[in-house]
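Structures follow.
Across the two complexes that follow, chain A remains constant while its partner is chain B and subsequently chain C.
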Partner chain A sequence: MPDIYSTEWYDAVREAINAGVGQLRSVPEGRFIVAVEVAGDGTSPYVDEDGERRFLMEIDDGICLWYRELDAGEDEHGHVEGRIDYRFRGPATVFDEIAAGLVDPVDVALRGTISVRGDMRLLLRNAEHVASLLEAYTNAVSTTWPLGRPPYAEPTESRQMAEGRQTAGEPEGAAARA
Partner chain B sequence: MIPPPDVTVETGGAASGMAMMVAELLRANLADSRFRARLARRARGSVVLMASDRGLGVTVGFAETGITVVGEPTSPAPTLAGGWLEMAAVCSGSRSPLRALARRELRVTVGRPVRLLASAGYMLKVPRSVASGDH
Partner chain C sequence: MRDVYDAIIIGSGHNGLTLGAYLARCGLDVVVLERRHEEGGGLCTEELTQPGFLHNVHANYHTFVDLAPPQGDLDLAGHGLEYVRPEVQMASIFDDGTALTVHTDLDKTCASIARFSEQDAETFRRLYTEAHGYVNLLLGTLMYQPPMSMKELTRALSVFGVEERSEFLSVKLRRETIDTFLDQHFTHPKVKAHLAFHGAVCGYANDVPGLAMSFPLLVGKIDNWNLCVGGSHRLAHVLWRDLAQHGGVLISDAEVSRIAVEDGRAVGVVLADGTELTARRLVASTVDVEQTFRQLLPQEAVPAELATAVETDLLHQPWSLFSVHLAMSEPPRYEAASFDPDVDRAWVVNLGYASTEELDADWRTVRSGALPGTCRPNAAVNTLFDPTDAPEGHYTGLLRQVAPYALADGGPAAWDEMGHWYGRRCIEAWQRFAPNLGDGAILDWVPYTPADIPRKLRNMVQGDWMMGEVSLANMLDRRPLPGLAQYRTPVDGLYMAGSTQHPHGFITFAPAYNALQVIADDLGLEAWWRDV
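The block that comes next holds the complex of A and B.
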């Protein structure tokens, strides 16, 4: 099992994304560049409190061609031509909890814990594909956590919501899986 | 040309991310279509869009001063409710709203003014030129 945020882990996520594409009713056409920004929050041991991890991925006709982490200060346009189509940004602990399957990524996006920027018209058109991408990130890769596995000591608001829903008996989302 | 009405998002509310998405969708659609912009300028009242599988909803308010999106449902208002993916598919034009209603993937709770719900649905629906990638 790969360590979280290791090269092997990125490769495993990419393979899981591509395996999930075959299950979709429709696959988005065209090429998209996605940036993910994981901001240090002082709780996750995987991102410096004042730092961030940044990832880029390229999706072409639904297939993830590559998925890589940028070095600190590295210009993302050194890897991509043109614009970034979608940008996801949020606190590191929430991303860790997503990767650990503790919270539902669609929920945190709808709640605004993770911000989403880009053309919402295309994003909504490709909502099923986006859900599949996030599902791969959440559940499809067995991950090891060398610095400790979430949940961390202080529950995030997102996890409190997920646990609240689990208590309330709702079957949907990550709460039921956690 | 008369500009489309301003679309603002009120901060707060459980579904602030959904509110941002709906607001961005409205801004893009109204900027692209004079007919939709005119419809939005004339609309008055509020509608609720409810992602019922998530327990999250937004209220879209149409007023003379512009459009306001709030990240929580308010009542009473006509409501369009359904699973998030079904809502997204209908808004993006990849699924027929009538088919979704017939299959009970979406539900409409009729309040007053009901015509506003139909207008809001039209304003939110991605134009065919964008949906087909011809834009």
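The block that comes next holds the complex of A and C.
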């Protein structure tokens, strides 16, 4: 099983995304670019505390054509022309825990823990496809982590928040997911 | 005067100036034309009472500070724009001497609410926390993008399972009133009254079906009420400065009498003095739909179906605002300060609405063309937070009361007879809560009636300060009319970019920002601005 953010892991995520496209009732037509910015937070060992890791992905008719991790300081427009259609940014711990299936990605977007910028119309109109991308990122690929958990000693704030919701009288569906 | 530009923008309210500044930064040769003697539209600050007292005649409350993309994109702070965010944002003062205050500190707000209902305080904390988390996401989705349909939005909410993840967001909100939302979640009449009052000051009447959809967003920024230091006109001035620094031109006293159309395309404008200006790439109107399509465009350029819709289908807010601007020698000292001392430090103060039923009754009264039986204006003393707006040791005051534009007895013209009488009633209502504001403390005052609004700002048709009803029928891709909702018009090269467009009036910058996205797409402009 690959390390998160490794080439093997991203290849597996990409395959999962593309395998899911055939199951969708509709896929977005045309090409769009997604950027993911994973900010170091001092807990995740995969990103330097004050650093960030940036990834670009091109989707064309629902299929992930390529992904690429940018070098530090590298201009993303060296790889894409025009605007980034969606840009997700958040703390590394949260991205790690989403990948581990511990934190719900829609939840953290609603909380503002992960910011979503860009053409929200595109994102909402292609909600089904976006949901399938999130599903692939969240549940489709295993990592080297034991029991699906990132190798942190203590639960992080985002996980505590997610777990706290289970006892705060939240709807059953949310509690079950958290 | 030069007579050829890339872009001609009609109207220099904050939307016209914002669009002009962005386009100028894109390298276009821009002119913004203003009928009045100065830029700003609703951003007008004038010495209405006495010299040295600066009164915000229209826009007073800036609630999108640090949320609206143009503020960063156009470096408005760098141009000298400064805001104050009062620590005690709002208060409701009730007839029984009790009061509720909203602070920039959530704990203090909850403590104030808890004096009425601990359960409501906890509910408010959860609502605020949830809404504050997604306020940027909702702003990006609902305000700073050309509008989607309600159907598309609700479908996306469903696919993402938002309803299951949120205590307060629900698809059914699109049919519900703010009253219904409040009844479902809150218990105490005064708490509900205050939250409904807050919506009303934002232009969202609490008894209108569908507006519950926006209510969590309103709560998410309930503590983001900002005062523009030096007066609201300062914002217009810095927008103009940015426009000018990037080569744009503002011409005041330049009333547009006609939009020139050739072969179905807007190619320029003709001013009232006969001057002809050519637009190489676009004309954008930020004035009202009626002026644009019934007066400025040649009628043969307007498709018959649209002409009919403009005639019959436009929806205006069925209520307006009556204002009193005051010059004072002391600020109000509320009797309710013995219950909650913070009321004397509050900016926007609800004087007396203690239940949503009282608000509902006044909405019905006002929509029928009558005046509420009891004056319950809201009050603001800007000088408490910006001492530069009055001579030293003195204060400006602003009272606002919901009121009809056309009085059932006499129409809008009747306001000319009633303005001073009704202004006096509003002042008396304030004095009931702050007895120190005797006539000795009030040096001067002037009424500013609903009828005065379109006299000064023609595009606020029928005293409609939101430039279109805020309702389900006039929201998103239906505002102002389905055929105009995406900022384009049937006339090539002519765009609508003012507050008639989604989302609505108020100092949001959003109509201009959204029109910019459409114009950039059409003209192939490079989008240098930051994503929402």
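Assume the second predicted complex is superposed on the first by the 151 of 178 C-alpha atoms of A that agree within 3 Å, B and C clash if a C-alpha of one lies under 4 Å from a C-alpha of the other, contacts with A are read in each partner's own complex, and residues count from 1 in each chain.
Everything that follows uses one rule, which is that contacts are C-beta pairs under 8 Å (C-beta built on N, C-alpha and C of every residue); 3 or more make two chains touch, one makes a residue touch a chain.
These numbers come from a predicted model, not from an experiment.
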{"item": "Superposed partners chain B and chain C on chain A - clash or fit", "value": "clash"}
{"item": "First, second, both or neither for A:P45, with chain B first and chain C second", "value": "neither"}
{"item": "Chain B versus chain C as contact partner of A:G30, first or second or both or neither", "value": "first"}
{"item": "Chain B versus chain C as contact partner of A:R83, first or second or both or neither", "value": "second"}
{"item": "Partner chain in contact with A:R111 - chain B first, chain C second, else both or neither", "value": "both"}
{"item": "Partner chain(s) touched by A:P2 [first = chain B, second = chain C, both, neither]", "value": "neither"}
{"item": "Chain B versus chain C as contact partner of A:G101, first or second or both or neither", "value": "neither"}
{"item": "Chain A positions touched by chain B in one structure and by chain C in the second", "value": "106-107, 109-113, 115-116, 119-121, 123-125, 127-128, 131, 170, 173"}
{"item": "Contact footprint of chain A on chain C as seen in their complex", "value": "130, 132-137, 140-141, 145-146, 148, 152-153, 155-156, 159-162, 164-167, 527, 531-532"}
{"item": "Complex interface listing, chain B residues touching chain A", "value": "14-22, 24-25, 28-29, 51, 53-56, 71, 84-85, 88-89, 91-94, 126, 130-131, 133"}
{"item": "Residue ranges of chain A in contact with chain C within the complex", "value": "83-84, 87, 104, 106-107, 109-113, 115-121, 123-125, 127-128, 130-131, 170-171, 173-174, 177"}
{"item": "Chain A - residues contacting chain B, complex", "value": "26, 29-30, 106-116, 119-125, 127-128, 131, 165, 170, 172-173"}
